[in-house]
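Look at the two complexes coming up: chain A is in both, with chain B in one and chain C in the other.
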Partner chain A sequence: MPEPTGVIHDIGYQRYTGPRLGRRHVFGALYLHGLRTVFGLGRSAKAKIFPWLVVGIVTVVAAGLAAVRSQLGEVVMTYAQFADAMSWLVIFFVAVAAPELVSRDLRSGVLPLYFSRPLPRDDYALAKLLSLVSALWLLLGGPQLVMFLAAAFTTSDGLRGTWNELLDLLPGLLYAGLWAVVFAAIGLLVASLTGKRAFAAGGIVAVFLMTTPIVGVLSILPSHAVNELAFLASPSTLVGGVGTWALGDLLVPEGQGGGMPIGSFGPVYAIVAVLLVTACTALLLLRYRKVAAR
Partner chain B sequence: MSTVSWITARGLFGRRRFLMLLPLPAVLVLLAVLCRSLGVDPGEWAPPVLVGLGLAVVLPVVALIIGTGVLGAEIDDGTVVHILTKPLPRWQIVLPKLMVAAGVSAATVAVPLYVAGVLADSARLGLALAAASALGALAYSALFLALSLVTRRPVLLGLVYVLIWEGLLGNFVSGTKVLSIQQWVIALTDRMAPTALLSTTVSVPVAVVLTALVSVGFTVLAIDRLRSFSVAGETS
Partner chain C sequence: MTLIATESLTKTYGGRVTALADLTVAVEPGIIGLVGANGAGKSTLIKILLGLLPPTSGRVSVLDLDPTTDPAAVRARVGYMPEHEALPPDLSAAELVTHLGRMSGLPRTVARERASETLRHVGLYEERYRPVGGYSTGMKQRVKLAQALVHDPDLLLLDEPTNGLDPAGRDAMLALVHRIGTEFGISVLVCSHLLGEVERICDTLVAIDGGRLLRADRIDAMTSATDVLAVEVSEGTDQLAGRLATLDLPVTRDGRMLLVPLVDERTYDLILGAVAELDLPLHRLDQRRHRVAELFAPREPSNA
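And now, the complex of A and B:
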């Protein structure tokens, strides 16, 4: 047998010797990319239609409310009531955004590429969740800021009026954050179950819409305790219940019907909301352990 | 039963995904049974269950998922090419698929609505609900099937119609109710079984004519769109 004569030529490929950014930077990049994906930034015009349709409607409504307030001096909706009134649009926005964030990656099979980086499975899921939460908060918070600016510049009480308005805005923004966390956790969990964006969107809407009439039925049952606990059944009313308990008069002034009739079950609402978000996040992380193992 | 409808039915039932549709009707029946057994006045529980859940959520959502799925799933996969290259007239592709979609949605929705209607009032209301929701399923399926050929994002566009047009605008701007399949179904049910439980502002002749018009019109549109259909990749 002759000696092998082949050689490996050095054709000048070089190793990367520069600084390597760690886990935190991967997380940050993924978060930013997720946030841009939700609004279709850096993507084709078709991907921008639906997110910006929702943003447009919400902003126009806020501008209309602000105009009515500055012209007629009438407060049609408080900041919290604005978030409640936009619930259908928030559901639609989640149905648009959540599948874009997770279903596309599942379908095109790029997860192994992600996980070949120094990126733990949990970080991937948490980054996506965080970007959806931020996007939803921006969706609800932005219009509230528009309403605030209009109110602040037309107030007749000078700086004092602006300060009072700011004190109204802050609980509103906090409440918007609550909406964002609850809706993002549920929506992203549903979307992560399927790689088809169409099915993910349908599933999200089914989950959110199906629960609303349950509240309507539970609140007419012949039991006072059940009536006051009925709002637990649907995410949007659950958020309303927690808001009524935690922020109370800050959200809806007494003169405007007050909050939801939850009686003395306020803490129950808070605990259920925390449990719901925790459970959804835990299931999401579990899901990504399983998906990544494939 | 033609091969196309057989393939379509197998595509729908062959996946575990189909089981995800069952909770919706199950909740409907469960709530009706719960209210009935606790002796709540039907006048109070029937509107939220029959209209709020049944006709406003279960019927459109089920029809949306199935209607956009029968052809849309194949378009997404690119496997629609196999059917398109067979020497079949386009209507022989669209009609069987529409029939399967409408049939499956109607069966999924009409049965629980029948049960809920019987529990709420009478067998007559149950039958009327079942018949009207079957017609509604046909109209919705034709609309969503045509949508899946007109646009690359049929589910989202369908959701715009269901959520924003029927749901949001229907509550605030009463004029949009004339063009809402949900209101036509309510009008038809109310005509077939007059009760105090359902009410709508749309008149029965308008509902009948528009239901027929939507079913036929969107089917024709779908056939026409499939004639000049170009297969492209998933939208970015």
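And now, the complex of A and C:
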């Protein structure tokens, strides 16, 4: 007699004998999950509002710049300058995204569920850091790509013009990467200290904004060297300083003036930026060593 | 195979607080109850088993692996359900368990399938698509159990799984744990401060107090004594005790109750007869399993 069809059998618990992926795959999964979290993907509609508002603003600005350039042939902003101009938005973006990535996990107590799995605790922190760096880089680099495409398709010099444009774009993307790394490292470290998202956001904004007056004070002291080193005091001006040294007129075209009066201290800025990122990352890992042992 | 073995395991925090002291124990696969008062060192032991805390001294092995040198290998085969609230409120159970399955190394589609399957096994069906924030305590405990089970471990470490549940919820959770241990073929270590709870479902019982081992044995070896009848009368307890003693029943007093070992059906009749003869108001007469708790009860000083 044939079995009756359309009946669901409870086949009971099934043991899993399939493949178990290694550390690299788990890291990748956590990284992608973090990247999606930053942009509110896979989360509630409310969580999508702010990230996509910021994405909208930077894209519109880039489109505007591209339009001006193609219609009037005037370069309002270089690629690198675009990153500088958007730094305020980046600060607020970090202040929302970093607590979303780490403070939420601290508060809900979900971390023991991560650390009781094969994933090493350093991987957790590094995957989150990498997610935030990538998100910030996409945020600053994506609009630059829009500007590049507009410029490349409207250039009158043919392929040579496109090639020159590409040579301008690449340093801009690298500079955006520097912004991303410095801001993500600081922002994530601050956010990892508290489980309260509002405190974390406030702390991040405070670190970036409160240091600006220090730069102001240092730059009017009656010592030339101190004036030239003043921009080390705040993350935003530190990045600007490195940019001024490394990119020169790619950051600020000749004749526009501006740039940062860092004198010959350029390498110092670069070293301090590297040290700052290294220190923040090391502290972040230390922080998670302590959290994991609880 | 030995499931968990420790040898002179000691853990002190900051050189002052002793959480585990010279603990040597070995248990076979099955359902193991780890019993002890709050602060007895249960959670510390679990963290050492997971390789999250290094022991101060001594040796430990889980599934024949050493968590101090190869924690990743141990954790790949172990599922852990923490005692405290551990769920982000804005994610749905399905999303959370899928994500944690991937964190255990399951491929994406497998993680999704196994997540819904384990959630079904712990008794969550359509609710699993709703945010965890709106769940009852019982449902949250089930989600915590599901995430420990999603990667099909060989050993489950459950830290106070019945915490915060009402009596019905406790029974359901214990039945579920029992099913996992027997039908699913997964060994389980259940931590609890309630002996009466775990003794119902365990094969092996490990009792610790102040970080020291009180006793570790198979539960059938511990409860070889027969069941007892508890008799309570509103008045005349002494009178009844005397009468039962003359009937050759070994009576012991436990507060307002009299405990009589249940030999066979006749014991009931003898007690009821004695109560009726003395015309005492019978308050209750029920059968109690010989409680393992009595094995751990502090010995009363012989001379008061």
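Keep in mind that, in the parts below, the second predicted complex is superposed on the first by the 279 of 294 C-alpha atoms of A that agree within 3 Å, B and C clash if a C-alpha of one lies under 4 Å from a C-alpha of the other, contacts with A are read in each partner's own complex, and residues count from 1 in each chain.
The rule is short, and it goes like this: contacts are C-beta pairs under 8 Å (C-beta built on N, C-alpha and C of every residue); 3 or more make two chains touch, one makes a residue touch a chain.
None of these values were measured; they are calculated from a predicted model.
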Partner chain(s) touched by A:F92 [first = chain B, second = chain C, both, neither]: first
Contacts of A:A246 with chain B and chain C, given as first, second, both or neither: neither
First, second, both or neither for A:A83, with chain B first and chain C second: neither
Contacts of A:A201 with chain B and chain C, given as first, second, both or neither: first
Chain B versus chain C as contact partner of A:S44, first or second or both or neither: both
Partner chain in contact with A:A273 - chain B first, chain C second, else both or neither: neither
First, second, both or neither for A:F115, with chain B first and chain C second: second
Touched partner set for A:M210, first chain B, second chain C, both or neither: first
Interface residues of chain A shared between complexes with chain B and chain C: 43-44, 47
Contact set on chain B toward chain A in their complex: 17, 20, 23-24, 27, 31, 34-35, 38-40, 44-45, 48-49, 52-53, 56-58, 61, 64-65, 68-69, 72-73, 76, 152-156, 159-160, 162-164, 167-168, 235-236
Contact set on chain A toward chain B in their complex: 43-44, 46-47, 50, 53, 57, 88-89, 91-92, 95-96, 194, 196-199, 201-203, 205-206, 209-210, 212-214, 216-217, 220-222
Complex contacts: residues of chain C adjacent to chain A: 50, 52-53, 72-73, 75-76, 78-80, 82, 84-90, 95, 99-100, 102-108, 110, 114, 117, 121, 147, 151-152, 180, 183-185
Residues of chain A that touch chain C when the two form their complex: 12-16, 18-23, 25-26, 29-30, 33, 42-44, 47, 104-105, 108-110, 112-120, 292-293
